[in-house]
Amino acid sequence: MTQPLLTTKGLSRDFGGLRAVDKADFTLMPGEIRAIIGPNGAGKTTFVSLICGRILPSSGAIGFNGAEITALPAYRRVRLGIAYTFQVTSVFANLSAYDNVALSVQRTLTDGRSRGAVREGAMKALEQVGLADRAGTPAGQLAYGHQRLLEVAMGLALQPKLLILDEPTQGLSDGEIEGFVALIREIAREATVLIIEHNMPVVMQLAHRITVFDAGRIIAEGDPAEIRTNTQVQEAYLGAAHG
Amino acid sequence: MAFGPHLLLATLEGLVTAAVLALTALGLSLVFGVMRIVNVAHGEFFMLGAVLAWAVATTLGAHPAIGFVAALVVAPLVVGAIALLSERLVLRRLNYDPEATIVATIGLLYIIQQLALSLYGPEARPVTPPFNYRVLLPWFGYSGYKLSIIAASGLLLVATWLVLTRTKIGLVMRATQYDREMAQAFAIPVERVYAGVFALGAMLAAFAAVLIVPISQAHYLMGQDPLLLSFIVVIIGGLGSLRGTVLAALIIGLSDGIVSMFFSPTLAKLIATLVVAMVLVFRPQGLFGTVAR
Amino acid sequence: MTGKGRFFDLTNGKASRRTVLKGLAAGAGLAAAPGFVRYAQAQSSAPIKIGFQAHRTGIGAAYGRWYERTTAAAVKAINAAGGINGRPIEIVVEDDGTDAARGAEVVAKLANQHKVDIVYGTLFSNVVVGSAPTAGELKIPYYVVSEGYHVASGKLNRYVFQPGITDVRAQVTSVAPWIAANAGKKVTMIFPDYAFGYDHRDYLPPALQKAGAEVVAKIAIPPTESSFTKYFPQIPSETDAIYHVMVGPAVLTFVKELGDFYGSSGPKLFGFIDSLEAVDINSPGLEYLDGSHFWEGSPRYAQADDTEAQKAYRAAVGIDDNGAAVADAKDVSTAAHMFGCWETLYVIKKAMEDAGYTGPGDRAKLVEATEALTEFAEGPEHPQGKKLFNGKIHQCFGHQNISKLEGGKLKVVHKTTIEDGMYEPEADYTKQSL
Amino acid sequence: MTEASTARIYGLHIAVVAVLFALNFLLPDYHHGLFARILVLATFAMGYNLLFGYAGLLSLGHAMFFAAGLYGSGLAITNLGFGVVAAFIAGLGCGALLSLIVGLLALRTSGVAFMIVTMMFAQAVLLTIVYFNQWTGGDQGLVLQQASRILTVGGASFDLTAPAVRYLAALALFAIVLFLTLAIVRSRFGRVLVAIRENEERTRMLGYDTFANKLAAVVLSGVFCAAAGAAYALLFGYVGSNFASVQYSILPLLWVLAGGAATTLGPVIGTLFIYYVTDIASSYTSAWLLIVGVALILLVLFAPKGILGAVRKRWIGWLP
């Protein structure tokens, strides 16, 4: 049996008196497309933020690719191969699309290495998301959908082992979503994908497995068919909808 | 002097410094907290308040107490009007862009300083305190007026706190501080709030200056030090936190007073500066947790 | 405010316009290679241009204003009597903002752009020290009226002179015996922690010791301090006299707080009037100074035994018997220092006439002629009194006054001899090349 | 970046330096001397711009780095008898050390807190200079004698007090720092600094150690400013505590904002602009502060991104 790519054990995080993530045990196998779903405020974004190191856990442990990364700063995790794309688009608006992606490809003296063909890597990522013809455009002037794609390209250009996408289809048109789903499938051939998503059709099309969060806890996990029929999940969603 | 009385004196001096600081920082805290701009000319509004206090007291020529009370009313009003004018003419047109505001307020600083120099002159001029009373302790004497500044500062702080927490104006200001866009969405006239806050901040500075001028003097370059110290107080205290502002003023005032007991004056200043800098370095979020950005 | 500085404003305005026209002409021709711009002002009737490095803004502005007025009065008097070698003096004023860096630029601007013959008039010692290298490099004589012990110390260069005012080291040395005899044997010094204070810190203790007294504590107050009470406990209780030289706008606070602290039971006070120049001695808060003593270079208040020269000088500068502007009794002068401007201009006149000065080409001759001076007699040109001049250290020495504050006026109670302040010279500028 | 734009950019910068070189022979004496001073202070402004303009860190304490170079080289000459080159290096060393310490501490904060902390460290440096006045001369400062300001390289010696030598030395320093700045901002490191300025969190999530990058920027900026300070001491012969005061922390900010933050040539243009407005105004009226104040407000109203920022926006988009 292959090693899991990512594991969390008893992972928790408190904000003041509020427990945003509560003893999450989680395992992700290489090559998977995993979706995380759950009502608003269920702790999904906090959970992936703990994984990528944007915030540090109150307790628990995280392992990645066989190594313990619980206390590792975020930038070190990125270098190990965990890429995160933001929920709210946060491209560098004043830099060109090319420069945005080039930042992912390059490293500097203070950042471990200084080699490799930046141009080649950056253009490859832009081509993959279909933005090669807009390389020179300032990112802030791109259409919203294109900014989302640029965001993904920045993640891709890091050549991650694990790509975490936080609500990537939010605000996209139906046509754009279709292209997006195809793009994710293509990415998944080389990287493991962890995706937080509200759009259920997208989740059902893409995900090999689905993890469901509610009130900071993992309440269910399984393939799309199992989750669809899980009563606890239905309750969580209905309860949230009514609460 | 024995240690006990020396400590008492240092503490009293620290308290007066803290009271003065809290007052001068109050206006800055509002402007800085609500508008998120660095008003480099804030110290000049303070200076204007002191200079106007001298002008009012001298023009009236009546009993010092009358001149003083008149100055307490007139100086803040004039300074507030000047601030309002500069907000309308300059800051609003800059859309409160942080960097542009710094340059513009440096320009304002030069203009106000030059006007004070040309119209008021380069001399330091005193204003007679409304009353002269020397508190006689067994070991040393102390100015009664200085003690009254502590009380006045306390009163003003409480009044500001009440306005901020108990009135609609305060609510509107806090809402604007919290989230400008959101405030706009709730139909709060953000531009008018900004203009009002800017004028109010300047008025508080002027008011503080009138209180302080009897124990220092009016001089056209007096604005710089209060400005720098106020910034320090506001940052250490945490943005928009009145409690924090008061506590930070106390820390800075008392450390300044008590450190001066043990070292030669310049070394004491040096150490007190580093102590406060370290507080900021190791509690960058301020004492009350509001992140200053 | 009538008449104040009008003379200057006109002069200055004229000079500026001319400069601008010159600049335009030079720009248009673009033949402005450095060699071409240097034309000598050869005509014998052309004015002698004296560049005045003035503190119009910044912390020295209160002094600067009176330095300008005294200069204007002296220039008027000199020109009315035929000028220097038959040529009138023209003053070109540039503001240095009381800033050392700007000071150096101003010296260069006066020398290279305004083409002045010499530079003159600086007070604040940081500006003097900051400007001196530039004056030395441009080889332009630089006559300061600063009283700091910087020229005489030999730290500057051969082009810098202080011929119109006694330096602080000599002042301090000459008043020390009086302090020891009259104020007390145990003295605590309170002084600003910057250059002006250091001259006091370094030269009072040895002078007092020679006179049989001692300094029991030295309290240096950091710059920009605005409250002083917290330092008063550092004054030893055995102190007989407090020697204070608090300079800066905070002096009133200092006196007020001292009064609150001690009440009527404190040590005696001896101060340098520098702190209270341009400040009305009867200001609220200064009551505590009543009965205390001050050093004064030249007395602020008219004295019963004033010479005719002193009276004429006061009238020419426009100060009344209380040392305030004739036109505005609230506008108090810096009488203890500004006489130095008057006297320095007369020294310049004398040196230029001795040197047969005709233009910038004679600057080296002017330096040597100034160094050759030895003595200035009391009279209309030197109303403060007789001076001895040491050409090796470029410094003059004169009488000092000790005045008592009583009845709202400063009355001179003791006049030191010139010899009281003399010290062994530590330098010899004449050995430097020109 | 295309090859053509690279050539264009370097061409422009070489042309600027060439014009400044030609001015050595054309300027009248006074302006010649003033330009030498401005070139040194523009170097100070470029150092400031690297941190403020590119990395987006607003410091109000850069006077301390200038002062570190100034006193480092000045005291090395007066107290240790160093030669010109050794003294200059001593100045750089002091700047590097101070900026490393300040960076390590101050970078724990951000935004306005960073501004205040740097200001307070600068205040501490100023008080240190005053406290050790036996060596530093306090506010009055020190004069470096002409004899100690002669640069000997190989067999040749250059008197740094001679106007042309001084101008060319100032220009050499300016040109070196200008091209270093240009190389930095066009490098990967420069791109990372801009990214940090634009969005630090995002930059971190691309795998960058933003703290280390910012620290590198603080140290580079500190060393550039110290180089300007050391050059000031050696070229103009005066070392004084005025240069450590808060005024000299605000000035580079003003020069950079006036010229255009995050432009390579903005600092020198801003320094020239402010210097000449001040100089011309002060020869017309004693109320020159008023004119400077009005000029600043007009500038910020009509060119809020500075002179070069406005030029870049309207006409020449490729300006670095």
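Going in written order, the chains are labelled A, B, C and D, and every chain counts its residues from 1.
Assume a residue touches a chain if its C-beta (ideal position, glycine included) is under 8 Å from a C-beta of that chain, and two chains touch if they have at least 3 such contacts.
Chain-to-protein mapping (UniProt): A = ABC transporter ATP-binding protein; B, D = Branched-chain amino acid ABC transporter permease; C = ABC transporter substrate-binding protein.
Keep in mind that what you see is a predicted model, and the values were worked out from it rather than measured.
Contacts with subunit A and subunit D are shared by no chain at all.
Touch-path distance (fewest steps) from subunit B to subunit D is 1. Put simply, the chain farthest from subunit B by mean CA position is A. Central chain (C-alpha centroid nearest the global protein C-alpha centroid): D.
Averaging C-alpha coordinates per chain places the centre of subunit B 36 Å away from that of subunit C.
Averaging Cα coordinates per chain places subunit A and subunit C 74 Å apart.
Here the spacing of subunit A and subunit B, counted between their Cα centres, is 48 Å. Residue positions of subunit C touching 2 or more other chains, listed in rising order: 57, 193, 222.
Residues of subunit B in contact with two or more other chains: 114, 117, 266, 269.
For subunit A, residues touching at least two other chains: there are none. All chain pairs that touch, listed by label, are A-D, B-C, B-D, C-D.
By the touch criterion stated above, subunit B contacts subunit D in their complex at residues 32, 38, 40, 90, 93-94, 97, 99-100, 102-104, 106-111, 113-115, 117-118, 224, 228, 231-232, 235, 266-267, 269-270, 273-274, 276-278, 280-282, 284, 286, 292-293. Across the complex, subunit B is touched by residues 105-106, 108-113, 115-117, 119-121, 123-124, 127-128, 130-131, 246, 250, 253-254, 257-258, 261, 287-290, 292-297, 299-301, 304 of subunit D.
Those residues of subunit C whose C-beta lies close enough to touch subunit D in the complex are 16, 19-20, 26, 30, 32-34, 37-38, 56-57, 93-95, 99-101, 104-105, 108-109, 111-113, 125-126, 129-130, 132-134, 136-137, 148, 150, 155-157, 193-195, 198, 222-223. Those residues of subunit B lying in contact with subunit C across their complex are 1, 5-6, 9-10, 12-14, 16-17, 64, 114, 117, 121-129, 134, 136, 140-143, 146, 215-217, 219-222, 225, 256-257, 260-261, 264-266, 269. Remark: subunit C residues 57-59, 61-62, 64-65, 193, 219-222, 224-227, 229-233, 237, 249-253, 256-257, 260-263, 278-279, 283-285, 331-332 touch subunit B in the complex.
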